[in-house]
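As written, the chains take the letters A, B, C, D and E, and residue 1 is the first residue of each chain.
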Amino acid sequence: MVPYLRVDDLRVSFTGSDGVVRAVDGLSFAVQRGRTLAVVGESGSGKSVTALAVLGLLDARQATVTGRITLGGRQLVGRPEAEVRRLRGRDMAMIFQDPLSAMHPYYPVGRQIAEAYRVHHRRAGRAQTRRHVVELLGRVGIAQPQRCYDQYPHEFSGGMRQRAMIAMALVNDPALLIADEPTTALDVTVQARILDLLADLQVEFDTAILLVTHDFGVVAQLADDVLVMYAGRAVEQGSAEQVLRRPQHPYTWGLLSSVPSWHGDPATDLAAIAGSPPSPTDVPAGCAFHPRCRYAAETNGRCRVERPELRSAGVPGHRVACHLGDEQRARRYAQDGAGVPG
Amino acid sequence: MDGAVRTGAGDRIPTGRTVGRSPGRLAWMRLRRDRTALVSGAVLGLFVLVALAAPLIEAAYGIGPHDQFQSRLDGFGMPLGHAGGVSGEHFFGLEPRLGRDIFIRLVYGLRTSFFVACTAAVLSTVIGAVLGGLAGYLGGWLDAVVSWLTDLTLAMPFLIVALALTPTLTARFYGQRDEVPPVFGVGVLIAIFAVFGWTSTARLVRGQVVALREREFVAAARASGAGLGHLLVRQLLPNTWAPILVSFSFAVPQFVTGEAALSFIGVGLTEQTPSFGRMIYQSLDYLQTDPAFVLFPGGTLVALVFAFNLFGDALRDALDPRSAR
Amino acid sequence: ANTGGSSTVDTGRQQTGVIATDPKDSWGPAPEVPGARAGGTFTIIRETPVSHLDPQRTYSFAGLMAAPLFARSLTTWKDDGQGNLVLVGDLAETPGSNVEDDCTVWEFKIKDGVRFEDGRPVTAKEIAYGIARSFDPDLTGGPTYLQEWLADTPQYDTAWDFGANRGALPPGLTTPDDRTLRFEFARPRCDLPFAASLPSTAPLPADRDTGINLGHAPFSSGPYKVTRFRAGVEIVLERNEHWDPATDPVRHQYPDRFVWSFGPTTDTAANRVIADNGADQAALSWDYVPASLVSRVAGDAALRSRTILSPTPTANHLVINNKRVTDLRVRQALNYAIDREGLVKVLGGPHVAAPNTTLMPPATIGHRAYDAYPAGRNGDPDRARELLGGQTPELVLGAADSSVEQQLATQLKGNLERAGFKITVRAIPDDAKLDEIKKRDNPWDLYLSSWAADWPSGAAILPVLYDGRGIRAAGNSNESYFDDPAISAEFDRILALPPAEQAPQWAGLDERIMREHAPVVPLYVDVAYLVHGSKVGGVFVSSVFGYPCLLDAHVKP
Amino acid sequence: MLRFLLKRALSAVLTLLTVSVLTFGMFFALPRDPVSGMCPKNCDPQRLERVRQELGLRDPLVDQYANYLKGIVVGRDLGGAQGGRCDAPCLGWSYVNNEAVTDTLARVLPVTLSIVVPAAIGWLLLGVGLGMLSALRPGTWWDRAAIGFTLTGASVPLYVVGAVLLLVFVYTLHWLPVPAYTPLTTDPLRWAGGLVLAWCSLAFLYSAIYARLFRAQLLETLSEDFVRTARAKGLSNTRVYGKHALRAAITPVVTVAGVDVGAALGGTVITETTFGLPGLGRAAVDAVRAGDLPMIMATVLVAAVFVVLANLLVDLLYAAIDPRVRLG
Amino acid sequence: MTAGEALLRVRGLTRHFPVRGGLLRAVDGLDFEVRAGETLGLVGESGCGKSTTARLLVRLLEPTGGRIEFAGQDISRAGRRALRPLRPQMQIIFQDPYASLNPRHTAGQIIAMPLRVNRITPPGGVRARVRELMELVGLDPEHDNRYPHEFSGGQRQRVGIARALATGPRLVVADEPVSALDVSIQAQVVNLLRRLQRELGLAFVLISHDLAVVRHFCQRIAVMYLGRIVEIGDRDDICRRPQHPYTRALLSAVPDVARRDRAGRIRLAGDVPSPVDPPSGCRFRTRCPSARERCAVQEPALIRRDGGNRATACHFPAGASA
């Protein structure tokens, strides 16, 4: 099956006063309709930039985008802004992280959603649009949608806002939905409901979802496939099952074991990754993770000079960018990856 | 707990003793890299230097600000020669009628104007910062009072108060016969500017402090038992330097033109004190008959204010790199 | 480049003035103005509004020059703008008859055929009522000569209460019949014919007295009547059909209307008139050309035919406070120290001011030029220093805080310090200055002041300014606080002479005061320099007041 | 909403009262005497004193002030020398202009209004337009030109701008008539012709400030998340800028504009002086010069009323623009 | 003071904020204790009053009602002066590692601040103490003259922790100390806190919305809902055998890597009601799957049911032994 979204060798760099930031550095992935790809990684690893690059929302004056982004067969990079614009909202839509700041404070929520609808349905009448939006608001679980239509974002609770945000993204039944940390701002109980909603809607609309998050809990619940990013590059890629149960990259192990597990022993310390993520302007040479990697020493310095490419991790569909050999990794994982649920 | 525990995650940055770069130093470095800032700063420096060195310049130039050269005026009191009497002896020519040398008067005028504007800017900024800071931090009735005072100050017509106050104060302090030292007129001007100029700084600082007040480092200091003084001076003040500096840098040119504006309606300094404002005000009448007389003081004023504004902009950019002009 | 080749201006012409003896002089019609034609709108642009047109309250120059258009007075000046003045009867058939020849009783015969704007005749009653009305304390602002002379006290309004005596006449004023008006004074008042030329003798029927509101709608007896009064903006005067030229020795009725337009600054007004566009072609800028523009206007040959240059009777002095500066030699030194040429430059040149060394301005009847302390054109600091004999008098010069006066003060300070004085310039609020220096105990040694007489006679100048017997706590015209019994006695002597004989006597006394006492430093007289549109004709500068006279004004085709 | 209005109105009245008290006090401390202007020559001190008493200038200050306030609310009698009965709102009698102060105001206010209102429209449009132009193309030639313009505008004082405009357009090129005020109703063309320079110089100055302000504001808004959302919806640039960004960025401009217009309506002294237009500002200055207390009080109060009203209006507008500030 | 004795005792703690619509009951009658050396976790949804409680405990806020006893002393009404000697004994750590450090002060100045304002001179001097503290929290002491912007997020949080430890407090209130940090850093900081608690014997009140973190760190856990505690007890009781329906819902909603199915989850209907106008009776009843009539009428008290350490405020607690 042809993936709906295909990204090949995406590179995004910003030129700022402190030098060049390679926010995304050679990223490739694909998402099919009806499936969810989760992009995981720590803050600054390039997740949001990837999402924005797909939508073509990066400011051309600041960001340089190269590579190929193919959406439903159309290559987007380099395409005229006007054409990309027509795809936005209809073929691909986005749910933003912070719904309060992502909505215009001065316009009623309903009108903002209606506006998104009418860009792509020029002939839709006012009343019809309203009916459509109200119905959608109800569908995403907003009680009293008629009343909420005319309320302002600041009058909504966090959960309602995020739901309205989702409604705005879904108003044109997009084929691709990009969700950038859709639940980080929310409480656990609300988060759970939003995730359910997303899953249900995906089934209904056969949407391809690109889910950006740093929370493995969320990944576990929603994702079919997972892409782990570190410093602008993919370090591991595979199905959710593969990545979560048998992670191959030391960074993924670290991430997984850093999360305090519900089943872990509270008496033991968490297995934290030492050090902190690299500064975006000063990414280490070789494997970007090597200064924090416990096993970097085992490759005779190769990690320090050579950048590992993404390659198959033995299992089909599961790929990893690490210089450690398969057995080496297996051994280490058996030794130290104990904290990882499995 | 004598240093026994020292593990923790090893995210130490393996360097020797480093020198912290304070936000102030960073701003300074940014400023030094900014070409506009350098140029405008240099121009300002030159102006300041000229103002400070006025007596030296007078000695070198050989002409004082009160010397008259009426023999070089025609029957109408207009300067003879080209462009308002510009010559090797009189760089910028002569004033019509009284026949004083424009250049040296400009030099001294610069001195007066600078002094007035800078002192007034310092005062108004201090008043504004103190009132704004207190209102912002303490809130409540004090905030209400300060904001009402702001409204009141804005509602009081500045020019009219200035016009009314100057003679009253003169009579109060010097009776009717005593020599009124130029300092007095300067003082009154400064007072007027300070009393009317503080509102924008106060607003700015208040806004800043209100935002900072909610920041957790303030709460941390309070939780440690810090008093009002510590909070205002040690915690909040260092974080309001940027807006204070910027508003200061914009207040100075505003007062320079303000002094001129006051002269324009006849308040301000007396003929005795060479001042920019008075010169410009008097020169404007000669727009048709002696444009050079308008050009020199006017041009200098515009250059000065322009440099100040440029510098202020650069300063703001440096202090807040996020702001786009 | 400015090479300084400026024109020299002759402003020192001689004033000749007489009181008409031939009754025919007092009758009309006034001689036709050459080239004049009827029709058109004549505009006068002025910055400060004329706030009212009530003849009994009128005292401003603009008001005094506007009044003759709609208000006739007992007497008036026949003026050619060249210094030839004749005082003639206006409402009266003659400029008054000195019944007892001692100036205590005066009679005026009122002309037949003079009418108000509604056609009713003007009689002695209406004139008397007008004078009575000027006793009303609510009607502030006008001249007070007649009131004070009739009541024989400066507190005339307590002596005779107009409000309580409506319908009656003040003491000493009677109308023996409809055509006769009779003044009886306790003391000789030889200047009455002159005083009667002020508009306070304008007639008003009692039933037309609207009190303070008359100022916006005066009741006309002249060739024009006020048809529109928009306070502060505009005054429109249009022809009065009931005016009979045959009764009027000085007035004409050329333009269809006069429009006073207020608001534009002096600069704006001058520039508008110079630009000479549309309605401004028939416009006169009332105020003198501002000093900063003089060189441009005077330098423009094309404007020559549209400017009027004339000396005025306003004399400016550096007044010495004689109560403080008691040393005659110091006062004389002050006189020597002044650089009058520099001063004129500061003022804007000969089109603005003409140097003067006499107490009375040259425009006074019988004036004689002299210079008691000849110091050349630029002053004689050495002579002054010599007189001071090595001392350094420290004097305070009080100057209004207006721009011009501050500059003058700066100039004078320079002059005087050059001659060995130490001068402190103190600024006095502009509007308060006049009152302050009129206070007997004012704190300054020197101040600038000017005097414009209400009629060009020495009697209206010297006794008013230099008689020390009348010095009071405040409100003094004798601003030098000069007080010398011998001089005062001379005043009494000359004042009792018949008006026609006084002129040379005043001129002699002028010089004597200067030489013996030097109570002031005469500086300069104002020069009127006016500019008007290309269609303006017949305007000249009044020899009495120094402002444009409108009686011959007309709009050229 | 009503409570807010009441509270604001109360504070506004308090401000106005304080302004009037301060002005009153200040001008009585002046070494000036309004009465002396009433008899120019040979004035007798006793008569002056009588006039002062008649005018109430010898009453205790508090009584005079109370009387003044009473005049505003219900009118009062001023005596014969001051035109008799003076109906509410009575602001007294101007000794200098010889008319009721309200009449003077009625004359000078239209002038100031004629200067300020069109100028304000001009400076707002120009300022917002320029600011938008440069914010939408940051770093380009347009932007640099606009920044240069705004800096110049902020650096050249009004009296210099005015003088130069006069010299060029009136005295040298003769393209425009010498500035003068003609009522709009009399002749709209002459009205505009006589004021156009005043408008231009005011607009030049203020639009500089506004362009600066608006540019910064718009740039900040453009980096806001909701603008990105709008673009993600597929909206055209016109709509994104024209609707979403503009509305959010205009709010602070409204605040500043309100205060500026309010202050300007109180008298544009410098403009009026430069162009010789007889507006409120000049009337105020003249009144102070002449020590004409009733006129001073009136001009100060009128100016204060404008400022206070403008502040109030801005608050209301703010609430209208920003639903988050709906006042409770 | 022996372990087991309450270091902090809170009774009926209330804090109301006057807001436009009326009174906002941010904290509305809390009762709990923290013993010396013990850690209490406070969990609950956003807006339930956790931060307000934290600020009340260190008296950054004045309580509207109720009592706070610290080391046996009532501090709920104490003024600045009365609090002075106690301030060094209780400290607070904040969520936002950047906002909680003054950007114009160096790390050294920040850490020394509590010493300075309390005029404490530790043996060896302030500087030595600062270095010691920096080592303690795992910072390079050489970095004491760096500014906050020169540190990474985790390091900044360590500076904040070092500041809190400067005066040697007995109680540290930590308001979401790790929720702003990256996953990998979060673990480092949690480990650090655990170690400090262990080694210094501090009592902690840890506020978090992340139950997993709380479970990992705290011996006792209190669950808040709309300004009240709905359940409080030992960690294992709460995590394994939650009785209050809200606690149960909360636990079931915790996303867990190991649990991929969404089946056994309790879905709560609707949103948290406004604290300005809380529901009558049991505050949770509007969203409670097992609410009955009584819940709307009578407010359930926080009571111990099974004699253990756990108390629940519910009329119909699940699995409680009768």
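Assume a residue touches a chain if its C-beta (ideal position, glycine included) is under 8 Å from a C-beta of that chain, and two chains touch if they have at least 3 such contacts.
Since this is a predicted model, take the numbers as computed values, not measurements.
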| item | value |
| --- | --- |
| Closest chain to global C-alpha mean, per-chain Cα centroids | D |
| Remotest chain, chain E as reference, centres from CA atoms | C |
| Centroid spacing, where centroids are CA-atom means, of chain A and chain C in whole angstrom | 93 |
| Computed distance of Cα centres, chain E from chain D, in Å | 55 |
| Centroid distance [mean C-alpha coordinates] between chain E and chain B, Å | 50 |
| Multi-chain contact residues (two or more partners), chain A | 272, 274, 276 |
| Residue numbers of chain B (touch at least two other chains) | 9-11, 167, 266, 281, 288 |
| Junction residues of chain C, two or more chains touched | 267, 429-430, 432 |
| List of chain D residues in touch with chain A within their complex | 138-139, 224-226, 228-236, 244, 247-248, 321-324 |
| Chain A-touching residues of chain E, taken from the complex the two chains share | 45-46, 152-155, 182-188, 190-191, 194-195, 209-213, 215-217, 235, 239, 249-250, 252-260, 262, 265, 267-268, 270-272 |
| In the complex with chain C, residue positions of chain D that touch it | 30-33, 36-48, 50-51, 54, 79-84, 96-99, 103-104, 107-108, 170-171, 174, 177-181, 273, 275-278, 289-291 |
| Chain E-facing residues of chain B, complex | 1-13, 15-24, 215-217, 219-227, 230, 235, 238-239, 241 |
| In the complex, chain C residues that touch chain D | 47, 49, 51-52, 59-60, 136-141, 143-144, 154-155, 157, 211-213, 215, 230-233, 262-265, 267-268, 271-272, 275, 277, 429-432, 434-435, 454, 464, 472-475, 477 |
